[in-house]
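What follows is a set of structures to go through.
Shared chain: subunit A. Partners: subunit B in the first complex, subunit C in the second.
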Partner chain A sequence: MSHDLYVQLLDLACGVLLLTAVLVLWRRELAVIIRVFALQGLALAALVAVLAAHEGSIELGAVAVGILVLRAGVLPALLRRALAAAGEERRETRPLVNVASSLLAAAVLTLLGYAVSQPLVALAPSPATQAVAVGMTVVLIGFFVLVTRRRALSQLVGFLLMDNGITAVGFLTTSGVGLVVELGVSLDVLLAVLVLQILTTRMRATFGDTDLDELRELHD
Partner chain B sequence: MTHLLLLAPVVVPALGAVIYALAGWRRATAWVSAASAALVLATAIATSAAVVNDDPHTVLAGLLRVDALSAFMLVVIGAIAFLATAATPDHLRTEIIAGRASSRTAARHCLLVQLFLAAMALAVLAANLGMLWVAVEATTIVTAFLVGQRRTRPAVEAAWKYVVICSAGIALALLGTFLLNYASQHTAPGAGLNWAELAASAHTLDPGVTRIAVVLLIVGFGTKAGLAPLHAWLPDAHSQAPAPVSALMSGVLLSVAFYAILRVKVIADAALGTGFARTLLVVIALASLALSASLLLAQRDYKRMLAYSSIEHMGLLALGAAVGGRLAIAAVLLHILGHGLAKSVLFLGSGHILQITGTSRIDQVRGLAARQPVLAGCFGLGVLALIGLPPFSLFASELGIARAGFTAGLGWAMAAALVLVLVIAAALVTHTSRMVLGAAPDGPGAATASPRMNVIAGAALVVGLLACAAIGVTTGPLHPLLSLAADLLAGTP
Partner chain C sequence: MNALGVIGGVLQFVLVVAGSPFLVGVMRQVRARLEGRAGAGIGQPWRDLRKLLRKESITPRGTSEVFRIAPLVLVATTVVVAIVAPFVTTASAVDSVADLFAVVALLALGTVALALAGLDTGTAFGGMGASREMTIIALVEPTLLVSIFALSVRVGSTNLGAIVTSTLQDPARVISPVSLLAAVALVVVIIAETGRLPVDNPSTHLELTMVHEAMILEYAGRDLGLVEWASAMRLTAFLGLLANLFVPWGIATAATPVALLAGVAAFVIKVVLLGVLLSAGEVFLAKLRLFRVPELLAGSFLLSLLAVTASFFLAQPH
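On to the complex of A and B.
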């Protein structure tokens, strides 16, 4: 693969990554959010595949396939199942911050992401590290979704968005941190989502809803 | 031999979990949990002896490694797990009789606790930051269902908050891990995330990247350790989890997460100078102390009271770590053990109080000393230990942290911390004396409840307090281990 093509594909994958994160903030239909999230998983897998092709690493290629299966297949399927069980409440109603302000916040977070990434780029300038800012921004947007959304499922998506961003940063800075750790990380994320999904079901059973405003039993 | 010794703390509880998965909860398996914890404690002591006389060991292709610090943490895990699991059969039996649990819940409880122990042992034995991260995240997943075991509204809510906040916090630590890996790949190739090699080559790390990584790692693992600003899960989870699980979470889980911060600080100090991590930790510590003091003053729930006191003690640990140096670090390690013992006794005691009175509100528990002298005595003494009265070891360790802090030029932070600690002590004593002292209430319900306490469950409380007092009088055989571990962390041979 020529250098120019590599850089273009890399930037394309990162662009989709960032765009999907912003789309999650913009849309309110939970079904659409899940579809956007699956698209982001695809972009992440593509990103790793591009890196694998560039480095000619078969191991990294295998990791890309793993990411594709987990983040564009398994996790969205789990989310969809949780949504199907939810029945009525299919929209993110009344987020703490409205859509227009959320998009403005996303712009600010992007600037912050770029600012934070400066030392990272300075250490080893390359097309890959220059794209780290996108990963950072996705982490920040994920955190933002996590703290401003009220539906349990939207919070779950926020957490997964953070995780996608972190994975992107991990692969863009270095080619991962060793296969054992990589496997452990993926397994942990999968289990965390399974646990949260079961808890969502239990919350629906005890609270009759997964609007987290209902969570008012415990406070000081 | 050392291979077996090193693997045992992870493998034995894992086997215990298999036994519960296959055999379920019955008379014969009730004590498997305690037996496995006792084995963990025994191997931890044997490992400590081996580490004191010998160099650190590495096994499993460099994935696991034991040095004085991990050996000490293993002793903490083993000791507190033994207390908590010894009290578990009585707790579960009472719950089953009261109809709040079934034998299936009990079997699952024991299974998850065993996995919880295995994950914590793995965390302190992990030779590299990546493995440590995986193990700490695994503890979140395993304990999620323990927190939500009762399936009531508050329990499910606490479990949800626990998993969401801890996973998000620990995700920040993962980002920090990746960045540290990036920094080490460029300046010290081959070191990867290995603790020993990272610490040795830390002075070459790029400061810009390491600074971001250290902030993320300390805030991330600090979430799991219950430090401000991401502490919100702790009072909920600790008040809703079954008593033995609260004891384990407060006594060891928080310290295991704090252990990660101690390791990170060694790297941060070498790469960025002592000032950076110190400032960060002092801010976090004072915020945690202030928060705990303000919420303890008007606290109405005794389990939440204990939970906020855990935040206080984690704040003190962070303060001690910020001071650094041999004295402070040795005091921090002693504090980890002392706080673990005292707090697990208190949580186990609070479990009994909850089972006897049926309420977790402070104002509805009156005259405990008249009805349950042993329980009330242990609870009262436990709180006295917690506020740092001699002969309990928290006195010695808090004194050590304060002395080191004043000599290290952190006088203003220490003075602020001491004021907050005094406020907290006053609040704890006031609330506890209301519960323990006074005449027994003679309203409805008072006549029914006064079952005798189970002998073994009572013994666990007494043994915990005695151990806490004993290490306060003399660290004895722990001394060489503590000083070795302090050398390791303080950076001076």
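On to the complex of A and C.
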């Protein structure tokens, strides 16, 4: 793969990663958010595949396939099942910060992400490390989703967004942390989602709602 | 100022001034056909304009010069943009005005003049339309500036002709994340700025929803004709800018008859195609609630900001 093509594909994958993070913040329908999240998993897998092709590493290629299966297939399917179980509440109706303000907040978070990743880039400037800022921004936006949304499902997506960002930063800085470590982290995420899915279902069964603000008060 | 720029300027003037009502006609016709109506034909906007321009203009009692001058300012700024922007040729008749900031400022000046005229009438609708238009333009202008600025970063010049020329030389740039993000942002703000669905419905006079129509409600006769004509020209200019910033192929770079003819044909095809796409898309859209519009525009501003940051921070292929 020529250097130009590598840089262009890398930038394109990072662009999609960033765009999907913004779309999660933008849209209200939970079904659309899950679809966008699956697209982000695809972009992350593409990013790792581009890195694997650039370095000619089979191990990294296997990791890319694993990421594709987990983040574009299994996790969205689990989220969709949780959504189907949730019944009527298919929209994030009242986020703590309204959508227009949270989009402007995302603009600030983007600049913050670029600012904090500059020392990292300065350590070893290369096309891959220059894209670290994108991963950092996805982490920050994921955290923002996590703290400002009310529905359990959209908070779950925020958590997964953060994890996608962390994974992207990991691959861009170190070109992979080893198959075993990556496998462990992926299983951890899968387990967390399974537990949270069960928790959401139980919450809905108990309170008839997944609005986490309800948990502030004690109920009989 | 060179020969190519002057010839291009004249061609663009004729094309935009004479062709823009036909563009509106084509868009209305496409919409009518898709909705199962026969439609009035693509020449109808021109027939309307001819009728309006023959009538005397009546100004409401109590309005000042602001109301009378606004249509002229709107037409004048739009014509200047139509002449200098790189539509048919990459060279410009007045090169220093073909600058990104100058062009956006000219287009904004027209909008502001119209909003002031809406306020000047002192009617409830005029003021309401002006206030809504200001809400929209407060988010549209920065997005326009920032998204075109994202394209200019790699070129190192804010001259629109230079941006188009450099995209011609390096076609791979079109699929970079910078261009894609900027293109999406620009499409959204152009739809908002030209008052199309889902931001404003150009075909209704329903007081709850209208924005552009509310401001020009008091105009009649010649003045109304000028405002309608200028809106058509602005739509053409915006679509032309969108087409040539992202798909510049076919634009004339030399002052030969063949190149100029190809430039004219490419411009007409691109703008008509964009217009048809826009009106076909509108058939499937409902108007957004007014309170949701800032959300849409804030989103497009964020996308344009992402485009700029990506153009500064991501590695560039060489």
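Assume the second predicted complex is superposed on the first by the 217 of 220 C-alpha atoms of A that agree within 3 Å, B and C clash if a C-alpha of one lies under 4 Å from a C-alpha of the other, contacts with A are read in each partner's own complex, and residues count from 1 in each chain.
One rule holds for everything that comes next: contacts are C-beta pairs under 8 Å (C-beta built on N, C-alpha and C of every residue); 3 or more make two chains touch, one makes a residue touch a chain.
Keep in mind that this is a model prediction, so the values were computed, not measured.
Colleague: Please indicate which partner A:Leu199 is in contact with in the superposed arrangement: first for subunit B, second for subunit C, both, or neither.
Modeller: first
Colleague: Looking at subunit A, which partner touches more of its residues: subunit C or subunit B?
Modeller: Comparing subunit B with subunit C, the partner touching more subunit A residues is B.
Colleague: Looking at A:Val22, would you say it contacts subunit B, subunit C, both, or neither? Reply first, second, both or neither.
Modeller: second
Colleague: Of the two partner chains, subunit B (first) and subunit C (second), which one does A:Ala107 touch, if any: first, second, both, or neither?
Modeller: second
Colleague: Using the touch definition from the top, say if A:Asp163 reaches subunit B (first), subunit C (second), both or neither.
Modeller: Touch partner of A:Asp163: subunit B, not subunit C.
Colleague: According to the stated criteria, A:Val185 is in contact with first (subunit B), second (subunit C), both, or neither; which is it?
Modeller: Only subunit B; A:Val185 stays clear of subunit C.
Colleague: Quick one: is A:Leu12 in contact with subunit B, with subunit C, with both, or with neither? Answer first, second, both or neither.
Modeller: Only subunit C is touched by A:Leu12; subunit B is not.
Colleague: Touching subunit A in the complex: which residues of subunit C?
Modeller: My answer: residues 172, 175-178, 180-181, 294-295, 298-299, 301-303, 305-306, 309-310, 313-318.
Colleague: Would you pull the subunit A residues touching subunit C in the complex into a rising list?
Modeller: Interface residues on the subunit A side: 3-5, 7-8, 10-12, 14-16, 18-19, 22, 26, 98-101, 103-104, 106-107, 110-111, 114, 126-127, 130-131, 133-134.
Colleague: Could you pull out which subunit B residues touch subunit A in their complex?
Modeller: Touching subunit A from subunit B are residues 63, 128, 130-131, 133-134, 137-138, 140-141, 144-145, 148, 151-154, 156-161, 163-164, 167-168, 171, 174-175, 177-179, 181-183, 185-186, 192-193, 206, 208-209, 211-212, 235-236, 239-240, 295, 299, 304.
Colleague: Enumerate the contact residues on subunit A facing subunit B in the complex.
Modeller: Residue positions touching the partner: 116, 118-120, 122-124, 139, 143, 146, 152, 155, 159, 162-163, 166, 169-170, 173-174, 177-178, 180-181, 184-185, 187-188, 191-192, 195-196, 198-200, 202-203, 206-207, 212, 215, 217-218, 220.
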